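The structures considered in this document are given below.
In the two complexes that follow, subunit A is the common piece, with subunit B as its partner first and subunit C second.
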Partner chain A sequence: MAKKGVRTKRGIKADNEERPNAITAAGAKVKGFLKDGIYGCKVAVHNAFSRNKKAKATSMSSKAKKDMIFYVLMMAYPVLYFLLFYVAVNINSLSLAFKNYDIDASGRHYAIWAGFNNFKNIFNEYTSSTLLKNALANSFIVYLVGLLAVPLGLLFSFYIVKKAFGHEFFKVMLFLPSILSSLILVIMFKYVVERLYPAIMQEYFGREVQGLLADPNTRFGTLLFYNIVFSFGTSVLIYSSAMDRIPDPILESARIEGVSGIQEFWYITLPLIFPTISTFLIVGVAGIFTNQFNLFSVYGAAPPSPNMYTLGYYLFAETAYANELSYPRLSAFGILFTAVAVPLTFCVRFLLEKFSTKGAEF
Partner chain B sequence: MNKKIISVILCLAIGVASGLVGCGGVTPSSEVVDSTKSQLHIGVFDAGFGTRFIESAAAKFSERFKDYSFEPGKTGVQIHIDPKRSYSGSNLTSAIKSGNNEIYFSETVDYYAMLSQNSLADITDAVTTPLSEFGESKSIEDKMYDQGVNYFKSGDKYYGIPFYESYTGIVYDAELFDDNYFYLGNGGEYVNFSGETIDGRNVGLTAGPDGNSDTAFDNGFPATYDEFFELATYINDCSMTPFIWTGQFPYYANWVGTTLWTDYEGEDNMYINFNVEGTATDLIQSIDGSGNITYMPETAITEDNYYLLGRQAGRYYAAKFLERVVRSGFYNAAYSFSPSTSQLVAQQQFLYSNRLNNKTPIAMLFEGTWWENEASGTFREMASKYANSSKTDRKLGFMPLPKATSDKVGQKQSVLAIGEAAVVVSATTKASIMGLVKKFIQFVRTDEMLADFTAITSVPLSYDYELSEDQYNNQLTYFGRTVWDTKRNSNVVYPISIAPLYLRNQGQKLNSGVLWDAIISGNAVKYMTSYYRDNPAATAKDYFEGVVRDYESTFRAA
Partner chain C sequence: MVRYKEKGRSGVSNKIFFGFLFTVLTLYVICLLIPLVWGLYTSFKSPNDWMINEVWPSLNITFENYVSAFSSMYVQVGQTYFYTHHLLMNSFFYALGSAIVGGFVTCITAYMVAKFNYKFSKIVYAVVVITMTIPIIGNLPSMIEITTKIGLFDKMWGMWIVNGAWYGMFFLVFHATFRSVAGDYAEAASVDGASNFVVLFEIMIPLVKNTLAMAILLGFIGYWNDYQTPMIFLQSRPTIAFGMYLLSTDPRVPFETVRITGGMLTILPILIIFLFAKNKVMGNLTLGGIKG
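Showing the complex of A and B:
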């Protein structure tokens, strides 16, 4: 039997249930017919109204003219900005990926068509380079460890929303890093782990140790720690805002039913804010290839070992110190990252949306 | 409506602000433009050398030409200095066309990339005309070295000229050396700067790496790596720290390797790396487990076999030197690998260590010759707290480098002038002030101004000029004198050329600040000291073979 869709407020929902009898089916048909009819009327009225408006627009009043000038003035700059720094830049990047530059006899640069050579070279580079493989692995490690931080962020947010002991303090402390310049944060963090920590170990434990970012055995873990802790603020703020928006009656009725705190978190809060969580997860996937892991903030252009690189840092560092001749290769790199990131992001979004339909919206 | 007005104002404010951010070299808002004078805007790469040298030149030029009319209806000139960190390398390549400055004093300049974009103005007549107006018979071109002429002369025209020349290596605390008898005396004894032993016998200083007692600049310094590390051990035994370098920028330690490599190779072999032609005489075929080296026969280098230059023996010995530095443990462990130790912090530690009682004195700092000017703030701060601690009072020197092997003792020192620094003029310069721009270019290349630059920064420019005895003795700091001695007693290699292979890799693999990329276990490794520290079993042979691999990977296909 063919499956039919039923129009709901949120779109078409698949209906797998078989109709119990023909009367019900006929009733549904009639209902659908009426609904479509009413919808058609609405569209006709709307169109007529719009036509009327259009006719009026031909003799624009001075107020409308002023509004239009205001609108154009307001929109001109962002539109121009978008066209120049997004559309044009990306078109240029795309064309660069298929070019190469060389030097003529007078030392000047000239462009030549390279076809897919830049892409081919990158594949060769990837297969022969441990650095890129490590960077790819590190990029996923950073993302996955970031995922581990999601439950922590949720728990902190729940704690704050429930107005538990010291919630205001935690709210301020967790969000504070987000309003400070990342440079200041990095400098403070570096001094704590590079100066204070060795001094404490020396003073109180008599042990001479290196700074945590200098020690090859601890530097990657320390950076992971930094990335998790100092990215907490934004996620906690957004999660707690989402939790705050859960209607009180739902929570009150849950309490009347005798739901415990953990049950409330698991069965009510989590499903209701799932769209927010999924947004974070999707954005995180899109950022796998661009996340520079704060390597530049901490080590600048010279991380002590390539084993720490992420793909985001690699591309950033290569581009920052590149000359015109190396732009085509880097453009091809960027396009390849996009080619992988886009389907991956859509795939994750699809999975999360499929999963999130089990949750509710408010 | 009010909301609308506010929105429009905000929008315009953002627009104007963004526009200003995008523009380089506008007249600083604090400066009042004197419309009766011609306006000249100068962009300066704001790093180690600061802006004092250009401020001095600008003041002298303005004074000299205060009654001169460069444009109709205007008399004199007002000069605006625009210092920015972004005025170098590819940033400048991108920014020069949209910038408002007419002249740029910059480094890591990709001259031919700018020429390709038609971003530079023709200044040929300013470069080739004798500076007779300033009482000199030579032109700027006459003062330039051959390598500079070949590089900057595109066809028959000049669009830029050389700027400073910086060397990298080891800075030593001469006061500490003198007080603690760290100089080498004849008979294998440690002596002070006068050649006296601790018990007062005057045995005289050794002849140093060049093996010649008549050249005083290197007398008393270790002649070989072995002597150098014996000295380091002695310093360490005296409860002092032999070395410190910046942990945040590990390439500073690589730069010591670059200078040692250059010195080992000598001028001819080193120039092959940039000119991509010549006969390489000391390419290593292989190194066995005991460190015995087998050399390749002399090989003529072309683009096709350029990759063989990764095998230059000087690289291996330099890598060996840094391996010994790390393995000896004679460095400041808390700072030399810490990412919180910038070059400024390392400079502070080095300078303060010989003034604070609770600090272990540090004898040597791995740095570039620009460091003294960069540490001006620290010098000022110290001068206000301690006696004899200003820049002019402190005795700090640029060390003549030891030779890798005893058979090299006696060979004239060679150093690499890193930085690829240049002065260029923007193609957007208005024709009406082109005369002024050229005059200024000529003025800053007069002998007087060349010496002025050196006196202010302690660093020479890439030109052939002399300092008078008075300028040398009374205007230069102790450090400045040792740097000048280095220029005068060395073959200086300028890492610029118009060889296509060089130009293709100029900002990248053949940037004089890089040159030590290696592929080890499939990984790209860049910093020798970090590599040795992270891999306790690693040797110079491993690093050297990594460089060979990287050169083959990069240049063999080319």
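Showing the complex of A and C:
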């Protein structure tokens, strides 16, 4: 049976319950104490909670401090390295270009301000001799012919990504030249065209011929051939990785539409990996000024003809056998090449961005 | 892999397309292998056999060229002679030290930039991209001057430092890899009281060990093969690649077979490494991290 009464916050109070006044007063006092006690506890808990919060905030800031110390410690070496071997080296290179070294009576080198003399001398050298003119022309020829390797590399990468017959073997073979010493490959190639080729011509065709690198008519073409054939490797690896990342649904829907391999390569693969290709083309521009055309490996410091020089070979060979007195002149060369290479690189970048369909990185 | 139709017009064009590529690739492989295979069997040919027949392999296999190459390959620095075993040792220390220092510095810097979201990290990343875009040419004389001034020139440990340039392509690879690695492990370790050093060396670096191994391996191969940098910067500790460069032009070497054998001797260690770590060296390299 349900109790009759008034429902209060504290429960059911019986209607007929009678309480003496004293007890009511004592109850009120206890209630008051309890209320105060509970309030006190609440304040204490609140304070404790706030202190925790405060403590937590302090520990967070100490963690941030530790992170910062760790960051500074670990970044100190790389930053110092960069300041020394990039910033200082290039500033020094720039300042060297405007200096000249001289020797005092005690045989010690000292620097003197040369203004633009080093640059003037280079221009005089350029106009008075054919060596630098040929070197400049050869460098552009080597670069432009080397561009032939780009479509070939792309087609080879496509072959590998499509897992066509023998793809694993071809992948290894394409990568092999980039892990083998270029010097040894050049030496072996030199023997093949200088000894094996004349021997075969003599033995099987009865013709006495010069080696392909010894013959003035064929030596440049032979080196160009070498430069293209042995230039794959990292590029194929990166192109094929980029092709590998093209999502399958795109290729699947193309297949349903009935595209052939060549159509997929031309209409899907090339546009989608264009950012990777353009990165290669942009970075490659500097090669015009740095490509040694393997001349140092083949001929050392003395190629059979000065007409074969490239700018990269010229600069390296001069530096390798130079003493301190030549550094200002060579640095001026470097500054000049950089002054041409930087805007050229940005031009190529601008053109590639302007005249290409936008690709996508996956 | 998505396969093409094998029948119909597009099937025929596919066969022609891939058949053409197969032919070009086969020609390429022939061009590549002729010097290597010819060099290999010539290295086992006696000088007399070489005089008679330069084209084909000889049935009389001999190791005398290897013995001669070992003794004829030397580099004289002042009064000191460096023979083949010295050159091999120098190459080993030069390549290993440079590759390890370069690999770790690049990896750690990329981790700091990728995981610590400070403004400075963003600046560092931007600077790396800019330095990679701007081609600076001809600073070799300046580099020689600076390394000489700070005492790193012509010292093995100095070359380890000089070769430790971290702002290259592998920085971007590591950066992308660390970005893609979830921070859960590192956070859990931090909550358990692990220091930043522990998180880096015991959690994060093991997570990217494949990429790091690839960077170190490729670095080792590159430094082993490089003869031009030691030729200029490490003249008193010549390497095998530089020894081979001298051997290839040394008129005192009596037989061509010895020169060819010297070349084979130089590429042998790299070929062995490549055969054992082929997949690691040729990992699926992308600027968005390592896949597969």
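What we mean here is this: the second predicted complex is superposed on the first by the 271 of 362 C-alpha atoms of A that agree within 3 Å, B and C clash if a C-alpha of one lies under 4 Å from a C-alpha of the other, contacts with A are read in each partner's own complex, and residues count from 1 in each chain.
Heads up, the rule we're going with is that contacts are C-beta pairs under 8 Å (C-beta built on N, C-alpha and C of every residue); 3 or more make two chains touch, one makes a residue touch a chain.
Treat the numbers as computed from the prediction; the structure is a model and nothing was measured.
The superposition on subunit A brings subunit B into a clash with subunit C. By the document's definition of touching, of the two partners only subunit B reaches A:R108; subunit C does not. Shared-chain residue A:L315: touches subunit C; no touch with subunit B. Of the two partner chains placed by the overlay, only subunit B lies in contact with A:S305; subunit C stays clear of it. When the two complexes are superposed, the chain touching more residues of subunit A, out of subunit B and subunit C, is C.
After overlaying the two complexes on the shared chain, residue contacts for A:Y77 are found with subunit B and with subunit C alike. Contacts of A:R195 after superposition: both subunit B and subunit C are touched. Of the two partner chains placed by superposition, A:F98 touches none, neither subunit B nor subunit C. In the superposed model, A:G166 lies in contact with subunit C only, and not with subunit B. Touch criterion met: A:S129 reaches subunit B, while subunit C stays clear of it.
Superposed model on chain A: among 307-315, 343-351 or 541-549, the stretch of subunit B in collision with subunit C is 343-351, the rest showing no clash.
Residues 70, 74, 77, 187, 191, 195, 300, 322, 324, 326 of subunit A are contacted both by subunit B in one complex and by subunit C in the other. Across the complex, subunit C meets subunit A through its residues 1-5, 10, 13-14, 17-18, 21-22, 24-25, 28-29, 31-36, 38-39, 42, 54-55, 105, 108-109, 112, 116, 118, 120, 124, 127, 131-146, 150, 161-162, 164-167, 195-197, 200, 221, 224-225, 227-228, 231-232, 241, 244-245, 248-249, 256, 259-260, 263, 266-267, 270-271, 274, 278, 281-282, 284-286, 288, 291-292. Listing the residues of subunit A that touch subunit C in their complex gives 66-67, 70-71, 74-75, 77-79, 81-82, 84-86, 88-90, 92-93, 96, 152, 155-156, 158-159, 162-166, 169-177, 179-185, 187-189, 191-192, 195-196, 199-200, 203, 229-230, 232, 234, 237-238, 241-242, 244-245, 248, 251-252, 254-255, 258-264, 282-283, 285-286, 289-290, 296-297, 300, 315-316, 319-320, 322, 324, 326-327, 330-331, 333-335, 337-338, 341-342, 345, 349, 361-362. Per the touch definition, subunit A reaches subunit B in the complex via residues 70, 73-74, 77, 102-103, 106-110, 128-131, 134, 187, 190-191, 194-195, 198, 208, 210-211, 213-214, 216, 298-302, 304-307, 321-326.
Against subunit A, the residues of subunit B that register as touching in their complex are 4, 7-8, 11, 14-15, 89-90, 93, 110, 112-113, 115-116, 154-155, 247-251, 333-334, 337-340, 498, 500, 503-504, 506-508, 521-527, 530-531, 533-534, 553.
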